Every structure is written in structure tokens, then in C-alpha cells.
């Protein structure tokens, strides 16, 4: 069934995965999607990719968002299908202290580097990732920069990270 | 032998009593043909590479963190620095994100101004890409001709918005400056003058036998692999996938314009080789000329910016805006929490995905081919590291 | 040169008691010294200036125009700058080899001038093995480059050195095979002999003698370019891949020696091609009776012909991209060598069938060459018209400067 | 590789290289495009004068028409503008003691000149900002404390300030505004 509207996609998901899939949310086609339980994310993604009517063959974007007030880090998956030209959003909430999500690198190769970036900048570990290393920051950089409570270190290997402004007289 | 963070195991083969050893080369981050600060640890057996492991992060300024510090209007000049070769598309991405979150309706004339500035910028970016690709393969003249044509567009856009590279031309709700008087005729004259020079450039280098021999059948990427690795833009269309955000997820005034999408056809080898990615960019420049002609002639009157508060506070929510940049479909995932500062801004760019496929594509290519592959993906370092 | 010395000795101008061989040696050294310091070094320098000006105009820019009139003394400035620059020897380098390499390359290059026939009597030593000696001597350059590549202890230089060894050695074969038809026609290896076998008129030149030598000319020029490391074969110092190839670690005077050899080599390519195929310094006898003006005319004609091919090599460099290493080998062994054999056999059969050669074929080949040039000119005009250029966009003055601003 | 492709390769190589050579030869007879800045320009021509009006060069502030409203200081994302202004009853208004712009950090984005009501702060076509010390890149516009300008209702009458204000407003009107007609 070539379901191009999100409600049908959501119904298919709900029928397959029951309450592991939250309810449909979103105001525009570019942000409608559901929340998914961390344990079921790999099966949901594989289902969305292989199901003939859905064919989400492209993981367009994978990003992490830090919500300190809800004490949760939300990993957001934007999935897109080149055959049916429709977009769907999956959101996975993980606790802020030791966030861990099963890796979908097995489903799409594109996820490999994007998960490494979320690991590097937000500290979310992806279980089952083939090569989980820091991608942008140096290996021994303290902390994860994109967290809201990240404090920039004074100096790194003897190089100071701040420059005294010229405007102070 | 470890090369700063790379435990690369050395393979020794002893065949016929002669033990040979792999050579590990560090190509970059300061190397004449890695565009910007990219680095590859190349494990090679003589000229033939076993593998080229990319190492990125040398130009990481964490623009996404800066977005959370400077307000909605303040971040616009930083978007120019995400991809300084094609800055208009980044401006457009951020502006559309702000408009979609706050539900602002942008006047028609400003949409036309945006498309005109963006298409000129696409020609600029493609000229730099094809020019530096020819120089990487060894021909120096096409680079200067491409840069000379790019200089004319620099002057045109300088007259439009005051800057040549980091434009800061668009605002949330429209564009900052209207088209100055007399600029339209100058732009039309330039497009007339530029179109035949694409054919001259093709005659000079594109169909040169040495050039096609160097690029044909090199680093072939099938359509399925391209989608799997989320390649976008000319890299995806080079592999035969006819997909363009301007036509398949239409935004701005692109639905009213007619232009077609050039796709790689494997004329000098197989579909999806370096030559296809290159020739798709050359043909896209022709399409951009077509779009520019239509926009410049059909420019409607009216204001060029909507009423937007100086202290802009969009309602809480998130949006995913996709813009067809010169390097493909650039995704802007912006989360707002109702305050004057964006909560999160994730920019998913084409070069990041292209860089991730190089390790797989570079197996038993020659070192000279790695340079051609890097150039054919039109990588730009700031877009990868952000 | 020998008759010159004999005549001097006969006239008694030489103070007595000096044995004959000493006179020859002194004359040889004197003439050789003049040629090296008055001709070779300036020519190598001026070629760099010509290359940068031609490259400028091809790339719609000006090229050096600040040092001297139209930038003519740029090469002198570069030379002095290189001599004054610090000459760094990397610590981990194989120091003796590192220091020796540029001198091996320079001797290989300068030694080639011994057989270059500037004019009728103007040749340092008219060896009867002329062209064979020249091929042997230019092979010395490979040794120097390989030494430089290995001694710099830098992986990129090693790659550059190995590439140049493969390239120059394998392109000796087609170069050798394609000058053999000319040697068969002329019956001698000596350079002067080859020139004397040709006349001043184009249809008497070896290149138009028969279709096979016509083809041999192109093969020889292409493989000579490969031996001189010129684009499209500049793999040993491929800027965009190997940084500077074998010359990466060199600086100061040693670097200058490497590149002087490369630009000087251009002139040798031009000179050899002119000698073998284009009638060398042959001028119509009627032009000048007295030997001195005749020699000057011969020198000027030979220089003009040789320098035209230097211009063609420069023009090729700023048009063509670079070949990959395996394509370079394929081109040598699968395209140039078989064709060179065909030309060799063809010329042999041609000489058997028509011992005196066919006048008609010679004229026909001249016309076909002229036709080629005509088609080329038409194509150039087509490109100019397509770019919609107007009169004041064009300028035939090679030193024309900038457009007015704004 | 059959004889057919063998000969076709040679033909292709010859034709395409020949065509490339024709293009480069046609360039040999074209005038170069270089503008020989800075020392060989036609006499009397300064590059700065040929730049368009909207060119965003080094910032300049006309203190006569600056109302010390601090809009530019707030708009600058890098905080490289610092203005000190106090209320001073005796002088009858705001007195500015300091107006510094750190041109070393400025990224020439133009966000400061947009909200300025009188066009006091604007970009000049001047771009040659090289200097020997970083400190001298900080442009200090206030030499002696000056009274901030108060825009008059009926338009400017003072003959000395009127031309400056008129020039300032030209910069302001250049920016797009929501209500302007086409």
C-alpha cells in the first residue's frame, strides 16, 4: 500500500509494534512523526525500510537534541523515501546521564558517520556501531560540546581557548 | 605504526622470499589538492591504494553551538560560513526555517530575489568546483577561466548585497536589499555572455581525451549505494537518480519555473563514475542560466521583506527545511523553544555524506584517482566539519 | 670545429710547440664554455620567462611584467633569488646522494649540447654517432631524478622518483625507434650529416619525405616531451598529487639546477626535432655568399625553428591535463612503440621501392600539412566568434597589458 | 581491445586535443583581464571609487547624527561595538563618552547598520585596513564627550547637520522595508 500520508504510516507502525510506538505528532509534513522506544528503534527502522509500501530507503538526517528541563536527550531520525517522495520523523528519548541507543548503522550506511557525530557532540553511545569513535573533536577533548551544560575548558594541551577582548580599557 | 589516532596495521607479504610492506601516507590536512583542511590516511601498496581513511574535524567551529548563543537574526551571517562557496543556500535554509516556525508569508518579489541570488551563487560554486577539478587533474588553464567568469558574478552580487563571498543577503521574512536600478539589465547581459563560454569550457577540457580517460570508470557508485550513503545533489544525480529538491519537494517559486534535471548517463564509462558527476555540474550551470533568464524577466513588483519583529521569537516547535544547495539537498533541522535564542540547529550537508563514502570507494584506486574522486565529490571542508 | 682549428694551426697563429691534441682540447673547452655560459643558462632562463608570459596570455592574465621591460629580467631575478635562498638538506636524507643528484641531472642536460648543430660550422663536436650519443646522455637525467627521489627520504619524493624512472626509460624506446627512419634516410648518425641530407625547401625535409616519417615526427615529439617531464607527462613532479615530486625537499641552488635542466631540455627537444625532421639550419645558397653572414643566418633560422617547438611544448603544457601512471605506460607500450615499428618498417619498404623518394608524395604531404593548419585556423576563428568577442577585445600584441578598470 | 577501438582512441585523442589547443590559441590573441591594482591603475582612479554604493567595507560613524540608541550594539552578533552614554541634565540629554568598534573582530556582516534610525553607522567602500598592531584596529570614534543627536519633528533645519543626515538617510532607505512599493 503506497501510503504517502503520515497517518497511514503511523497506523502500519502501530499495528506492527504496538505501544513501542508513541502517537502521531506534528503540524507540518516536515515534522510529523512519532516517538519510538529505544529498544524497538532498529526493528522499526528495518520495517520502514523493507516494507514495500513504505520503502524509506534514505536516512536523510540523524540528530541529537539536548532537553535539560525534561532531563532527556532526544535522537531524531528523518527518514525519506526516494520512490514515494514522503518524509517521516522518528524520535527516541534517552536519559541524559548515560544515554544509549541501539545503532541503525546496520540498516543504513549513512547512519554510521551521523551517529558518530551525535556520540562525539552529545555523548550518546550507540550500541552495535561498527566503529564508534569521536569524529569532529580531538580524542581526548573533555566533555561533549553540544550539551547545554557544557563548560568550555580554559585551555587544551597548553593552548588557551579564550582571547581577552581588545575593547576592555 | 600509529599516525595520531590511527592504529594502522602494516601488512607484510612474503611472496617468493621478497617481503613487501604497505606504505602509509598521510595526505593532508595541508595538501595542495584536498579542498580545504581534509586529511586522508592512505594505506598504499606503491601507487595502488589499499584504503584511504578520511580524518575530519580540522575546521570544526561548532556553528551549531553558536546558533544557540546568538539570536535568530544574529545567526544569519554565520550561515554564510557553513558553506562559504555557496552561502546563499545556507542563508535561504535558515531564513525558511525561521519563516516556517513563525508562519511568516514571504512577498513574491523577495522569493524571486532569493532565487536569482541563489542561482547566481550555484553557478559560482559550480565554476569553482569544475575549475579546481581540472586543476587537480593537471590542467591549470580551465581554473583561471572558471575563476574569471566567477569574478563577474562576484561583482554583480557585490552590487546587490555589498559582499562577494559571505553575503548575509537574506533575512527571516525576505531579503535585506532590493534589486538596484540597472542591475537587472547587467545580470541579463551577463547570462547572455556566459552561456556560450560553457561550451568553450567543454571544448577545452570536458571532452579532452586525457580528461575523459582520467575520469571515466573511476570510483563508480551505483544508484542504490548512493541512496544508501545518502549522497545528494550532483553526486546523487551523477549515479542516475533523477532527484532534485527544487522539483520534488518544491519550495520558493521553483514550481513556476521550468528547468530540467541533468542526470549522469555514463557517456564516458559507466553511470555514476567521476565523469558523470562532473558533467552533471556543467549541465546544471546551463539550467541555472535558463532559470535566471526566466526570473530576471518575470520579476514582479512589490516589497521584498515581510514585517518581522526585530526581537524575533518564533513559537516553540521544530521544522526540517530542505534546500537544493550547489552541493545537494541541505537539511536544516531547527528546534525553537519560544525564546529569542534557537534551542537547536542541526545542518545536514552533502559533503559530509560524500566524505563518508570515500573510504569504501577508494579501495584499490590509484593515488592520482583519489585526487580525482575528492574533486568529483566537490567537497568543501567547512561543510563537513561545520 | 676541427677544420677551424686545423686552419688556425696551419696559419701559424698558434704559438709553436703546443701539441695538436692540446689545441683541440683548448678550443673545445673554450667553445663549450661559451656555449654553456652565454647560451644555455640564458636560454633556460628566458624560456621560463616566455613560458610564464605565454601561460599568462592563455589564462587571460598578464604574466610577470614588473622586473625589467615587460618582465624580461624575471628569470634573472628568480635565479638570483634561488641562489640566495637557504639550501636545506633534510636531516634524515641520504646526504651524499641528496647533494649529488642535481649535478648528475645538470651534466646529463648540458652534455647534450655537444651535438646540437647551431649552424654550418657551429657545432661543438660533430660526432659521427651524434643522435645515439644524445639519447644516451639524456638517459643520465633519469639517474639524477631517481637519486633525488630516493635520497629525500620522503614518501612523496620516492613515488615521484619511481614514476620518472618508469616514464623516461620506457619513452626512450619510441623516441629511439622514431629517429631511426631519419637515420636510414640520411645514411648517417651525425647531426650535421642528417641536416645536410635535407634541403632548405619544406618538401625536401625529412618530415615530408614519406607518410611514415610524417608519423614518426609526431611520435618523436610526444616521446621527447615525456622524456623532458613535460605535461601531459609531468608525473614525476605532479603538483596536485605528489606536492613537488622528487624535488619536494630541494631548495635554493639545487632546486634551481633541477628546473633549469627541465626548461633547458625544452630547447634540446626543439633543436633535435628541427635537426631530424625540419631541415635544421639549411638556407638557400643564394641568400648569402660570404661565410660569416651565412653562418649568422643559419644560426638564426635554426634558433627560430627550435624555439617554435619550445613554444608548442609550452602551449601544450597550459592546455592538457596530466596522464595517470598506468595510462602513461599503456600509451607507451601499446600505442607509441607499435606505431614506431610500423614507421620503421614502412620507411624501409619505401626506400626499397623508391630509392630516390617520390617528389609527388612530398608535395602532397606538404599540402596536407598546410590543410591541417588551415582547419586549425578555422577552428580558432570559430571559438573567437562563438565567444562573441569584438575588435577591442582582441589584441595581437604579445605584450599587451590590461583592460581599463570599471 | 579491438583494432576499431584502438584507432578510435587515437582519432578521439587527436581531435579533442586539437580542439583544446584551438581554444587556448584563441585565448592567446585575446586581451588579458587583469586589473593591475594597486600600483598600475589609470591615473586619478581609486579602486574604492569604483565599488558599488552598498559595498560593505570598514565601518564609519557620523557622531553628529548618532542618537546613542545602542541599536547597533545589540544587533552585533560578535559584540564588537561598545558605547558608553550617560544622562546629563546640564548638557540636556545623553552624552557619549565612548564609541569603539573592534574592527579586528568585525565580520562586515552589516547587521549593525540595518537598525540605525539615522544611518549614522554605515559601511564605507574603504577596505585597506591593514595595520601594524592589533590594538590600532580598534576604531575609537569619540575623541571628546559629545551630546547625542535628537531628531527634530519637522525635519532637520541646522544647515551643518542637514547634509550629514540626508546622506545618513540615503543609507537607511537603501535597506528593504516592509511597506515600500516595488
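Letters A, B, C and D mark the chains as written, and numbering starts fresh at 1 in each.
Note that a residue touches a chain if its C-beta (ideal position, glycine included) is under 8 Å from a C-beta of that chain, and two chains touch if they have at least 3 such contacts.
Here the structure is a predicted model, which is why all the values come from computation and not from measurement.
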Most distant chain from chain D, judged by the mean position of its C-alpha atoms: C
Intercentroid distance (Cα basis), chain D paired with chain C, Å: 52
Averaged-CA centre spacing for the pair chain B and chain A, given as whole angstrom: 24
Length of the line joining the C-alpha centres of chain A and chain D, rounded to whole Å: 41
CA centroid of chain B to CA centroid of chain D, Å: 26
Junction residues of chain D - those touching two or more other chains: 9, 17, 19-20, 22-24, 27, 33
Interface hub residues of chain B, defined as touching at least two other chains: 141, 145, 148, 200, 203-205, 208, 210
For chain A, residues contacting two or more additional chains: none
Chains grouped in pairs wherever the two touch, ordered by label: A-B, A-D, B-C, B-D, C-D
Footprint of chain A on chain D - complex, ascending: 80, 82, 100, 102, 104-105, 134-135, 137-138
Chain B partner contacts - residues on chain A that touch it in the complex: 27-28, 30-31, 57-61, 63, 65-66, 76, 78, 82, 85, 87, 89, 108-110, 112-114, 121, 135-139, 145-146, 148, 150
Chain A - residues contacting chain D, complex: 165-167
Touching residues on chain C, where the partner in the complex is chain B: 55, 58-61, 155-156, 159, 162-163, 231-232, 234, 238-241, 243, 318-327, 383, 386-388
Touch list for chain B against partner chain C, complex: 23, 25, 31-33, 46-47, 134-141, 144-145, 148, 193, 196-197, 199-200, 203-205, 208, 210-211, 213-214, 366-369, 371
